[in-house]
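Before any comments, here is the structure.
A, B, C and D label the chains in the order they appear, each numbered from 1.
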Amino acid sequence: MLASVSLFAQATGNSWDLPANIAFGIISVIAIGAALRMVTTNNVVHSALYLLIVLASVAAVYILLGAEFAAATQVLVYIGAILVLLLFGVMLTRARLGGDEDLNYEQRWIGLGVSVLLFVVMTYSIWEQYGTKDEARLVGYEPQRTAEVADSIFSTYIVPFEAVSVLLLAALIGAVVVARRD
Amino acid sequence: MYLTQYLLLAAVLFCIGVYGVLTRRNGVLVLMSIELILNAVNINMVAFGTYNADVGGQVFALFIIAVAAAEVGVGLAIVLLIYRNRRSIDVSDASLMRG
Amino acid sequence: MSIFAAAAAETFQPSDWLFENVWIVPAIMAASFLYILFFGKTFPGKDRVHYVGLAAITVALGFSLATAFMWVTQYEDNQSHGSEASSAFVGEGIVSTVEADEKEESSGASGQGCLAEDNRVGSLQAAGEDEYALGTGLLTDSGELAVEAGEDGKGEGHIKAKSVVRCLEWFSTGSFGGDTAQGSDNLTFNIGTIADGQSIMMLVVVTFISFLVHLYSTEYVKGDRRYVHYYAFLSLFTASMLFMVLSSSTLQLIVGWELVGVCSFGLIGHWWEEKPNSDAALKAFLTNRVGDIGLLVGMIVLFFGAGQTFDIETINYLAVHDGLSQTTMTVAALCLMTAVMSKSGQFILHTWLPDAMAGPTPVSALIHAATMVVAGVYMIGRLYPVFWFGLTIPGSSLNALAFVGALTVVGGGALAFVQNDVKKVLAYSTVSQLGYMVLALGVGAWTAGMFHLFTHAFFKACLFLGAGALSHACHHSFDMKAEMGGLRKRMPVTFATFMVGTLALVGVFPFAGFWSKDEILVGTGGFPSTNANGNYTLLLIMGLIGAAMTAGYMTRVIWLVFFGEYRGHVDPHDPPAVMKYPLIALAGLSVITGFLNFPSDWFGGLGTRYGLKFEQWVEPGGGSTFPVIGHGDSNLALAVIASLVGIGSAAFVWNYYQKLYAKDPNATEVTDGLRSRNKAAAGGYALLENKYYLDHLYEGAIADGTKGPLARAAYWFNQNVLDEIVNTAGRTSTVLGRFIYRFIDQGAIDGSVNLSGRGASESGGLLRKVQSGRIRQYASLMFGAATVLAAVFIVAI
Amino acid sequence: MQSQVLALNVGWAEWPLKTLGVLGVVLLPAGTTVYLYLFKMVSFMQSRLGPMEAGPYGSMQLLAEVGKNLQKEDIFPAKADRTVFAMAPYVVLTSTFLLALIVPFGPEAGFASLDTGNFDATTFDGVGVFYAMAVTSISVVGILMAGWASASKYSLMGGLRAAGQLIAYELPLILAVVGVVIQAGTLSLQGIVYSQINGEIFGFGGLGLPYILTQFVGFFIFMIAVQAELTQAPFDMPIAESELVSGYLTEYSGFRFLMFFIGEFATAAVFGFLGSVLFLGGWAVPPFVMDIFGIDEFSNWFNFIGPAVMATKMLILTFIIYWIRFTYPRFREDQLQKFAWKVLIPISLVNIAITGVLKVAF
């Protein structure tokens, strides 16, 4: 797959658009398909594994957007920690093998209706605002350097950073307090 | 390459996440759907960051990832607590706050 | 070679890894403190925790000795290389010298980045002129000191070493508005180290004494209930003292200053279960707080005066080059003087120091004799231009600092006569000796003051550790009248070392105190043909009286402790080896350290070659950040007079006790002596016994005096003013309240409240049906509503 | 733009070669270490006779083992979740392959560079080390999948234990590397190699400055954490044969077991590569050796010598790993967790703090 992308990259004189578009297409198809399966499958663990695919695709999207540090963080935190935690949670509660018929709410039309409505509204507004207008083009963007990210975290965004660190501590303590057995 | 396509991908994932939140009975699955929503938001963040050539988007995506980690930690703790008390993590059963 | 060369002394920049990284020494001690603090209790066998402290202090001592060695080596190397260069400068005259100086300055400044370059270079032209004026050998209007270096020939040809400053940015702030020394709007606070003769000298003194005290304490506080705590504090103290000594900014100095204060507090109150000890700790702490306020205010004054900088070098530079107004310096110096008076036990804030003897004796040796109490003296030395120009009495060539010092010399010495506790005698002696240091700094004999600090550290530590050995032997008592006497034969080593320490303290040739005290007396310039800076005849006499007193009370101690009959009831012996060897080491140093700075015109050729080494090594280089300081000529006649005065006083006291002994071997004082016969003498004794009533003054007059009237005034104000207001308000509101209740509350408000309550209740009943308690339904509603809202916005906009 | 997407800056013709290269980098060291250490060294160490029959001195034993496993029947337990069961070993191997992808074997010898910014060997920027740490954590998912899909309580317990252990030791692993990153001032693996070449020991540059000298605390923690990440003894609690009958591997056999097995040894080798890049100077030889031969670190020679140097260093590090594996008895589960959280993590945090202070000070 990536080889073909690379092929296109050379064929089009290293123009970025085509290979990136192809890569994006493949990634988004995988992501959307996995996401759909994730919310419809009858097996909790399968659902978590489909989430894994979605998360990995999102990491690929980050790389496509030049945000490599975010991509690595996505893999490290989401796949390495959050997903494992979720799998833990599944296995500690209801790791039933095989399908589980009552995973979904009976009246799923409400959810379907709300999300379709939401989708229509969002798509409309996005298309209206950006569409295929010229100013919405991403051309010749540079990958964002890790050093810049670090610098801006520790200067411009130092206050949110500290807030997040306090939040993590609070969540840690909170999780322990909530889940401990006594 | 258009910004639009990333935003649309994010919108699709977001809506799927909302559907998951609204239809799943299992608490852990609800949490997973919320993660999906957060990821959709993150794509937007990073896409706009790249669009504006500003690392701010990426930085906030990182913050959201950190917050998501905290959220999953606490959320799972709550789910485990519910499971321990009721032997079930069906969120439909947890309706003690009925008016 | 003469005036000019000395006025604009050439400098060189020592370069060595060690000078750049002296911060390692305090860092080691801080690490040791943290280690002991966190792991001390779980250390394998917590009674062996001293290994950690000892290891750390040994490494630190090695580092400081290496640093000092490197400093001295570089200095000496430069002398041999630089002599031709310096003579070349002489040929070209003053202008080239100043230019050379300027080059040195600017390169030094740019290399370090601590000083604002433009600031410094910009004012150098003026500086050069100043120095020219100085060079003519006159006192300038600003009270700067002119020195005639040509005649004594001491400073001749010596190229001073510049201090090695290394700074890192600590933190920076937004703009305060206005110009700052850094040149930009943002204020940057640096943290850094200064390595120069003064700080390296202190480095060696502190680590060395601390090392010996660590060693000594292994035996002295063995089995103590807070052994771990003790060693943690020793490490912290050493770390913070070194931090203070090396600090390159006044902010950092304050941090170190307060940290040593905390350690002092903790160690004085080491045995806090006993009330007097914790009282003493509190007293020390509170007295120091008085000074600390002065310190803070002074530093803040300097901060703004010097264009918003805490950098010591910048402040000194500005002080020397008229960058600070006379008023600023006077105010700052007066405030800082309070701090010095409290920390360094100057008269009248010295009262905490004798009480501080409640702490363990090794601590007294380390903190309350050798190192911490000289922090004030050190600060004067560090910010010398500020003190020197700031405290100069306007319209005269006299300096207020000197008078404070001289008063302390005599006042502290007199008190030492009436103490029965051997440690308290030593404590007052410390007060008195600190007075000498301040006196020396006040009269402009900077080197003499620092040298006395240096020698005093060794012999006073020797005496204190000796006192500790005595107490260790005599049932943990320091009462020399009740528990001691005749120990000469029972504790020969202690006696010998104590004797050496005493001789050094009294200033007997050739012990250390002789040289340093003599320099101070010379420095006062009160004696004919000493060529010193000032002309303080009165202070010279006070200094001599102080010398006589020192000899007197120390003879009294020696007699009461080591001669006569033994009056205690245990069998005292010399202490074990770990306590003995520190004593011997210190006694040895008390003999030889004096020779580091013996006058160059003594001992013929030996003097010219090896004399005044301390001065050359320690004295700061150049006139850029330091006022030109003078060196009096040594004077044999003055030395003889001072010695004779001491010996005479000692002989008098000795004779007194000898007679007493002949009358009754067990007597320690005459019951029918002068005091019972002469009213004036009795009064004087009572005055001394009550420590000039200072404690009474502080407690009775100041504390109680302000407490009582203040309380009464407050009570009156409370009763008559506040209560009246409250009562009136109360009465008014009662009337008003009744009115409101009847007409407004019952009618209008209650009515509307009831109405809204019914409304809420009924609408709640309607909405209740939505509240199913099902999260999913809530979520659907939330998302649905948000979507609808978004759709509305899209359509509307 | 070229440097942006790690996969796209490779000419298309290089792709098959690179794919083969990655396969080789993962499989060859795995085979070597298995043969050298698992078959031979342990036999010497434990004074017993190792495999001697297949080929001269048993040199064909490896092939025999592979053949044996390939021949075996591919068994799925009756109640197993077949898809997940089948996928699990691939997920574990994916982690290893992704890790091998970024190891630099020479100035330009590598499969994918994650470096961005300037490439003039002075300023390196990128996410190399961070990427390595991130992909390491993927294997946890594979292990949980294997444990759960086997439909066996031994497997499930083993999988949960393994995941717990891997998460617990992931932290010290990352934190130990942070010290190196601080000292090198870059996340890029290539940058770390260069900064070790250009380093000086008190002004003496002949040895460069392998970070094992300054970051020895980090190195120890790294090696211990690697040992635990590989679930090698003394950290082999998850596959404890005596109580969990091989943990999450219980139900695996034949080809899929072989994949896990290869994954374990290949990961050890790749961690060996990573460790030598981070702590032993990577593909470079000490600068004084370069001086002797008159080459510098940008020389093309290193694209050929580099892999050999790396292999040597890797073999040394994996030797240590297996040496410890065959020497120490197993930790108890609670001891294992305690060791990670109460010993390794605090020490590595202190190490980071001290490194930071020293970095600022010097």
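Miscellaneous remarks
Note that a contact is a pair of C-beta atoms (placed from the backbone, for glycine too) under 8 Å apart; a residue touches a chain by one contact, two chains touch by 3 or more.
Predicted model only: the values in this text are computed from it and were never measured.
Compared on C-beta pairs in contact, A-D and A-B come out with A-B as the pair having more.
When you average the Cα atoms of each chain and compare centres, the chain farthest from chain B turns out to be C.
Each chain gets one centre point, the mean of its Cα atoms, and the points for chain A and chain D are 27 Å apart. Averaging C-alpha coordinates per chain places the centre of chain A 9 Å away from that of chain B.
Here the CA centre of chain A is 61 Å from the CA centre of chain C.
The geometric centre of chain B is 33 Å away from that of chain D, both derived from CA atoms. Across the assembly, chain C contributes residues 776, 780, 783 that each touch 2 or more other chains. In chain A, 16, 20, 66, 69, 73, 81, 88, 105, 110-111, 114-115, 118, 122, 141-142 are the positions where the chain touches two or more neighbouring chains simultaneously. Across the assembly, chain B contributes residues 18, 21-23, 92 that each touch 2 or more other chains.
Taken chain by chain, the contacts fit none of the simple shapes, being neither an open path, a ring, a star, nor a full set of pairwise contacts. Chains touching one another, given as pairs, are A-B, A-C, A-D, B-C, C-D. By the touch criterion given at the top, residues 767-776, 779-780, 783 of chain C touch chain B in their complex. Every residue of chain A that touches chain D in the complex is listed here, in rising order: 2-3, 5-7, 9-10, 14, 16, 19-20, 23, 43, 45-46, 49, 52, 63-64, 66, 68-69, 71-73, 75-76, 79-81, 83-84, 87-88, 91, 95, 97-98, 140-143, 145-147. By the touch rule above, chain A contacts chain B in their complex via residues 16-17, 20-21, 24, 28, 31-32, 35-36, 38-39, 44, 47-48, 51, 54-55, 58, 61-62, 65-67, 69-70, 73-74, 77-78, 81-82, 85-86, 88-90, 92-94, 102-105, 108, 110-112, 114-116, 118-119, 122-123, 126-127, 130-132, 136-139, 141-142, 144, 148-149, 152-153, 156-157, 160-161, 164, 167-168, 170-172, 174-176, 178-179, 181.
On the chain D side of its complex with chain A, the touching residues are 1-8, 10-12, 15, 79-81, 83-84, 87, 114, 116-117, 125-127, 130-131, 133-138, 140-141, 144-145, 148-149, 151, 156, 160, 163, 167, 170, 187.
The part of chain C that touches chain D in the complex is made up of residues 21, 23, 168.
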